[in-house]
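Next, two complexes with chain A in common: one pairs it with chain B, the other with chain C.
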Partner chain A sequence: MAWIPRFITFTGLVLLAHAGYSAQEHAALASTTAQHSNQAGTSTSLPIDISIETIVATMAVCIGLVLNTPNLRPIQWNVWAGKIEREGAEGFRDSSGAVEKDYRGNPFSTLESRPGFVDIRKQRREFAEWAKSEST
Partner chain B sequence: MISLSQDRGLLSHPDALHVAQQAPLVLKDAPKTISASPWASLFSAPDTADLWITYENLLLSCLRSGDDKSAIECLDRITARFGSQNERVMALTGLGKEATAKGDEQLQHILTEYQEILGENAANIPIAKRRVALLRSMGKDSEAITALGTLLDSSPTDAEGWSELADLHLSQGHYPQAIFALEEVLVLVPNAWNMHARLGEVFMMAAASSSDAQLKYRAEALKRFARSVELCDHYLRGYYGLKLVADQLQEDKIRSKPKNDPDSFTIPDQETLARLSEVAMERLADIVRRYKAGEPLWQGYDSSAIAAAADLLDKTKQTLVR
Partner chain C sequence: MSIERENQIHPIVTESTLSNLYSLTSSLFGVTAGILGLESYNGFLLYLVLSVITTIFVYVVKVLPESLSEGRSIGDTERFFKGALQFWSGGLASGMPGFVLTWTLFYGLVRV
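Here is the complex of A and B:
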């Protein structure tokens, strides 16, 4: 459902551009009529529909952007750590349902698995034994 | 689903097999060589960090599952990109040789190779680590401890190294040294909740094997477990340890009450211990219940850890009924 906020933002931007164009046209028209008629008191203020369109468009853009932001993360250490332990990767999905790219799990788990000191021969042995027990 | 592009800890056997089976596909999809030049990346596949971490993960899993052909292919591509003189690549190459070595002579040969590399450049940390790991793998634990000691002398801020040292000492039964090394780890990364729990566990082991300093070790273990659950809400491992040690301390106190130790450590009074144990039990029960009920945001736990916690809860219930 990632397209809904994007669609709202896009629509808002289109409306905003349209409102801007309308205002410019209105200004051009108003100045020419003022030149030709030479009458004082002709209304030169912006029509109400253009104002409303501008406000609605701005709000739509804001809503779309807010809806499109990634999920907020806990800012307290213990809450954040608890979320990692409790939810695992499930808790770190973005609006399209994929696990977020910068999700790393517990950043200190490498202190216990220690990839720099990996004993590959032992792992290989254990894996071979496991494979044997699986196949029989 | 296991993401390939993440640094990860130790995989279980089925997961490692699953990753290794993906290797031929990934190797087929990705281009053979990737140029580091910025112009080339306009026309060919981009040179992202993800790709290289993927290759490294594949290399480890393939070596483990015995798919040496894919492993060598991964290694070749990494070497082609970073050069054979890159320290990390040197360590990976050594890893590949270790895995495919047959017999002690070849291992000895690899060890002398490491020695030579370190003779040229003693600051090659990845190779120094490989050397320690190889020594340990060959069963020469005391030599590994000496080698790791020299490594840590030159780079004392290496938390991974201290952690390995603790593990080495622990496997030898040197509890005080293991505790010291883990305390060094905590000095470097004071917020690592799993290392606090680990230190608590080592204190428990030390308490179980020694008779004179038992109370002191348990008091320390209590502190470490309490800190780990302070740093991490819903930490099953921390609450499990807290419950165990609080119960043990309660029994200890009943048995040997009027004992003024010369060492300065304090054990909380019975009431506090009882409440700690109770709180830990409540939390554990909560975690186990929610995990078993399949609540979507409580599924990050390890199933074996949940089983152990459920076991502990059953035991406590039985003693309460009695």
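Here is the complex of A and C:
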């Protein structure tokens, strides 16, 4: 389902390019007409269909971009961290179903596994006893 | 309570995913205003109106479903933003330079 926002955005951009080209052609035509006809004050305002096309194209691109934005995060840290702890990576899927790129997992992982606080002497002693029991 | 202490007791997630959207859409609105050939206040009025419409889209698509599932009432943006003012006017000032840039560019491109 990830292609729907992109398709909307692309359609809107094509429409916008077409509207821009039409407006430019209209401006060029209007200036030439004004040169060749001697009467001043000819109407050079944009035709209504180009205006409508521009507005519709803008709205389409806008909807496509909004649908394509990644999900928002709860601003309160405890709500956000609670969501991560309850749902894990499942709660951070974007519209295409893939896990978001900047999903980092537990925000407290640096606090929960601090290498500087590991009791290395105890682990070394346990390893020595295990190695001794294996060798006998 | 001072803001600093408030932030220490209730920390906030500062990552905002919407600034990218607003920079893109404001440039797009500049293209629109340039093609339409708007001048002076009309262009800024168009920017204001289209930005508000974009924010309504964002609210309906992104904010409303999760806020309702959390049990908040309609119109409450406190789950994702510090206040209603920050949500509804957050992208206006940051997108303005990009808007004026593309507005003048496309105005000049279309009307030689």
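Everything that follows uses one rule, which is that the second predicted complex is superposed on the first by the 107 of 136 C-alpha atoms of A that agree within 3 Å, B and C clash if a C-alpha of one lies under 4 Å from a C-alpha of the other, contacts with A are read in each partner's own complex, and residues count from 1 in each chain.
Please note the rule applied: a contact is a pair of C-beta atoms (placed from the backbone, for glycine too) under 8 Å apart; a residue touches a chain by one contact, two chains touch by 3 or more.
Just so it is clear, the model here is predicted, and its values are computed rather than measured.
A.B. asks: In the superposed arrangement, which partner chain does A:32 touch: chain B (first), chain C (second), both, or neither?
C.D. replies: After superposition on chain A, A:32 lies in contact with neither partner.
A.B. asks: Once the shared chain is lined up, is A:99 touching chain B (first), chain C (second), both, or neither of them?
C.D. replies: In the superposition, A:99 contacts chain B only.
A.B. asks: If you stack the two complexes on chain A, which partner ends up touching A:118: first (chain B), second (chain C), both, or neither?
C.D. replies: The answer is first: A:118 touches chain B but not chain C.
A.B. asks: Using the superposition on chain A described above, determine whether A:69 touches chain B (first), chain C (second), both, or neither.
C.D. replies: Second partner only.
A.B. asks: Does the superposition put A:77 against chain B (first), chain C (second), both, or neither?
C.D. replies: So A:77 meets both chain B and chain C here.
A.B. asks: Which partner does A:126 reach: the first (chain B), the second (chain C), both, or neither?
C.D. replies: first
A.B. asks: Counting only touches as set out at the top, which of chain B and chain C does A:87 meet: first, second, both, neither?
C.D. replies: first
A.B. asks: Can A:110 be said to touch chain B (first), chain C (second), both, or neither?
C.D. replies: Only chain B; A:110 stays clear of chain C.
A.B. asks: By the touch definition above, which chain A residues appear in both interfaces, chain B in one complex and chain C in the other?
C.D. replies: Looking at chain A, the two contact sets intersect at 77-79.
A.B. asks: Please output the residues of chain A touching chain C within their complex, sorted ascending.
C.D. replies: Those residues of chain A that touch chain C are 16, 19-20, 23-24, 27-28, 31, 46, 50-51, 54-55, 57-59, 61-63, 65-67, 69-80, 102.
A.B. asks: Within their complex, state which residues of chain B touch chain A.
C.D. replies: Against chain A, chain B makes touches at 3, 6-10, 13, 16-17, 60, 63-66, 91, 95, 98-99, 101, 126, 129-130, 132-133, 136-137, 159-161, 163-164, 167, 185, 189, 191-195, 198, 230-236, 287, 296-301.
A.B. asks: Quick one: which bits of chain C touch chain A in the complex? Just the residue numbers, please.
C.D. replies: So the residues of chain C in touch with chain A come to 10-13, 15, 17-18, 20-21, 24-25, 28-29, 31-32, 35-37, 50, 53-54, 57-58, 61-63, 66, 78-82, 106, 109-112.
A.B. asks: Could you please specify the touching residues of chain A with respect to chain B in the complex?
C.D. replies: It is residues 77-79, 81-82, 84-91, 99, 103-106, 108-124, 126-128, 130-131 of chain A that touch chain B.
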